[in-house]
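Okay, here's the structure, questions in a sec.
A, B, C, D, E and F are the chain letters, set down in written order, and residue numbers restart from 1 in every chain.
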Amino acid sequence: MSTLHIINKANASQGLSSCLRVMLPGDGLLLIEDGVYLAAQLPALPEAVRAHVLQEDLQARGIALPGEGSALFTVDYAGFVALVCAYARSVSWS
Amino acid sequence: MQANQPPGNTVVKLTVVVHSAPYSSQAAYSAYRFTASALEAGHEVHRVFFYYDGVHASNALSTPPQDEFDLVKAWQALIEQHELDAISCVSSALKRGILDAREAHRYEKQAANLAEGFVLSGLGQLVDASLSSDRVVSFGA
Amino acid sequence: MTPKTLTFIARSTPYGNGRAKALLDMVLSAAVFDQTINLLFMDDGVWQLARNQQPATIDAKDLSAALGALPLYDVNNVYVEARALDERGLTPQALAVDAKPCDDTEIAALIAGSDQVFAL
Amino acid sequence: MQANQPPGNTVVKLTVVVHSAPYSSQAAYSAYRFTASALEAGHEVHRVFFYYDGVHASNALSTPPQDEFDLVKAWQALIEQHELDAISCVSSALKRGILDAREAHRYEKQAANLAEGFVLSGLGQLVDASLSSDRVVSFGA
Amino acid sequence: MTPKTLTFIARSTPYGNGRAKALLDMVLSAAVFDQTINLLFMDDGVWQLARNQQPATIDAKDLSAALGALPLYDVNNVYVEARALDERGLTPQALAVDAKPCDDTEIAALIAGSDQVFAL
Amino acid sequence: MSTLHIINKANASQGLSSCLRVMLPGDGLLLIEDGVYLAAQLPALPEAVRAHVLQEDLQARGIALPGEGSALFTVDYAGFVALVCAYARSVSWS
């Protein structure tokens, strides 16, 4: 069963880089709070990792997603809850 | 997400852990919104555990400006409405000056300020909740 | 008393924590003292200047709108670190608030010309 | 440091600003140690201004474990001994649930918890202190 | 009830803030529940393992000494991220506490094998 | 008159890198709190910048200085006070 990795800081060195190194295929990534600032410049994700970003936090900050080609799925708070339930466990890399 | 089918309409038993303080970190607010959404989706919130700076959400004396979101009141309303088990870690709270009547009396302090709806208890309540919940999600710090 | 120069360096994102708001409150308080005020956005602080912020989605007040009120307080020396904008894919033209782009040398001069500096 | 000769035995007028909370950040402690050292060196500490999370140092209900350093008490002793002007920013303090008797009464709260020795006042007191001090040094956040 | 696996990831420096102590308190509380406990030091958390800490100089309690008590609580699965040590000029031999060095793959396996994960 | 730049975080991206870019000759650097972790791996300093590190914070953390060749001066809290007084202003890059 896979893991949901949650990132809530803008600075990639605080969480994202470590998290990307230890993700497994099938894991999920979720950007919330200041983590949404990473959406536009997300490094290459490990194989079969699905990445999500919290809509409310994007909007609050006026951040636009990179266009069509983006591999990011937006979710709202209900979707956030669904993700936590869908994955076997979560890790908050704050 | 083929490999991770959500449990569909299954009710999931959740524990929410809050590590950060209102007005200083958005994480305190995110935890509240997450909890409200989980309840709305019909899931069971087994316990909300306020730890470290998270305990500041349980300070009854918190008085934000009238035009700002009042997170202490918002938690209190959610706790009351859903009869949530909301625990502030007693050792985190004591250090940070948040006391219930019993602790105020024990330490001969002038007043108690734990907001109604919250209960002071030990870290064992977090471990216990984690062991009996399907999912644990942590916010902040 | 000769007027003094107070420089405020905003280095925090607007909503993830309360520092951006705390620094802005300092700037507005200082503005009523009739001194020379500089406000510089650096590092993650440049996110405060992003357009189209809608923080009502997270029950917060719009910080960029508050920044728009700075001229009313006669805070006109507003600067932004060009490098920080660039690193984040922002341009000086696409900001919610007018701010003069500046480089390292100009920032060094701002600091050196200040009586006191506050960074948050 | 040829270019920056210290003022020698001159008394320097200092303002200390504290942005972070005890038990959560060492900066709250550093500010205390710095202030104590400055006084020991014979300098004038014009004002200590507690802002943002720094205001938590002025919560009288803070009850750390007996074997841990009690920063609220330490500040209080220093304030008393040197008759320091110690101000907690009123808007930061209200949000964070730290009230003096006047604010508790005004907002109809059950108790006041501002530690003795501290005074609640506005940000203007920080600006004013900065303008009339030789040096300002900020800790934390 | 079959025992569960709780994994704690210590990612914070020991004295700059209270997170390291807060995580250790969680670990010690969990230890009395007779479950499988993993403790992993990652990123700046590896500084918690540095030798010769003398926090009395800043009126703090020695966190590395407290970590030394983990075996008494039957917390024996203690891991340290080899890369984080390396980046900071530390070696597994020169730590205050015994910890098994591990790489990204092993850390991924630790997480995947856990019922719940706490990072602080 | 010169500036004292104070660093209190371990992560170079939180302050040190920005501060190094905007220092002037004659400025001072002071590492305190978690900033002392940067002592061992301090990047090259701008010309005529004097760097200091707080003894109490080094000792607390068990951090040894790089040895003889080090350009770092250790100060105690009294020295910290003296530095703040010696420079015209301070900036806390926290």
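For this structure, a couple of remarks:
Just so it is clear, a residue touches a chain if its C-beta (ideal position, glycine included) is under 8 Å from a C-beta of that chain, and two chains touch if they have at least 3 such contacts.
All figures in this text were calculated on a predicted structure; none of them were measured in a lab.
Looking at the partners of chain A and chain D together, the chains they share are B, C, E, F. Path length between chain D and chain E in the chain contact graph, taken as the least number of steps between touching chains: 1. Counted as hops between touching chains, the shortest connection from chain A to chain C is 1. For this pair, chain B with chain E, the centres built from the Cα atoms lie 25 Å apart.
Centre-to-centre, using mean CA coordinates, chain B is 34 Å away from chain C. Within chain E, residues 15-16, 18, 58, 60, 115-116, 119 each touch two or more of the remaining chains. In chain F, 1-2, 8, 11, 33-34, 56, 89-90, 92, 94 are the positions where the chain touches two or more neighbouring chains simultaneously. Contact of a single residue of chain B with at least two other chains is seen at positions 19, 23-24, 26, 33, 52, 68, 91, 136, 138, 141. Touching pairs of chains, sorted by label, consist of A-B, A-C, A-E, A-F, B-C, B-D, B-E, C-D, C-F, D-E, D-F, E-F.
Chain contact summary for the complex, chain D toward chain F: residues 1, 3-7, 10, 12, 14, 19, 26-27, 30, 33-34, 36-38, 40-41, 43, 134-141.
Within the complex formed with chain D, the chain F residues making contact are 1-2, 6, 8, 26, 28, 32-34, 48, 50, 56, 77-78, 80-82, 84-90, 92, 94. Across the complex, chain C meets chain F through its residues 9, 11, 42-43, 104, 107-108, 111-112, 114-117, 119. Of all residues in chain B, those touching chain C in their complex are 23-26, 29, 33, 67-69. Per the touch definition, chain B reaches chain E in the complex via residues 17, 19, 51-52, 91-92, 122-124, 126-128, 130-131, 133, 136, 138, 141.
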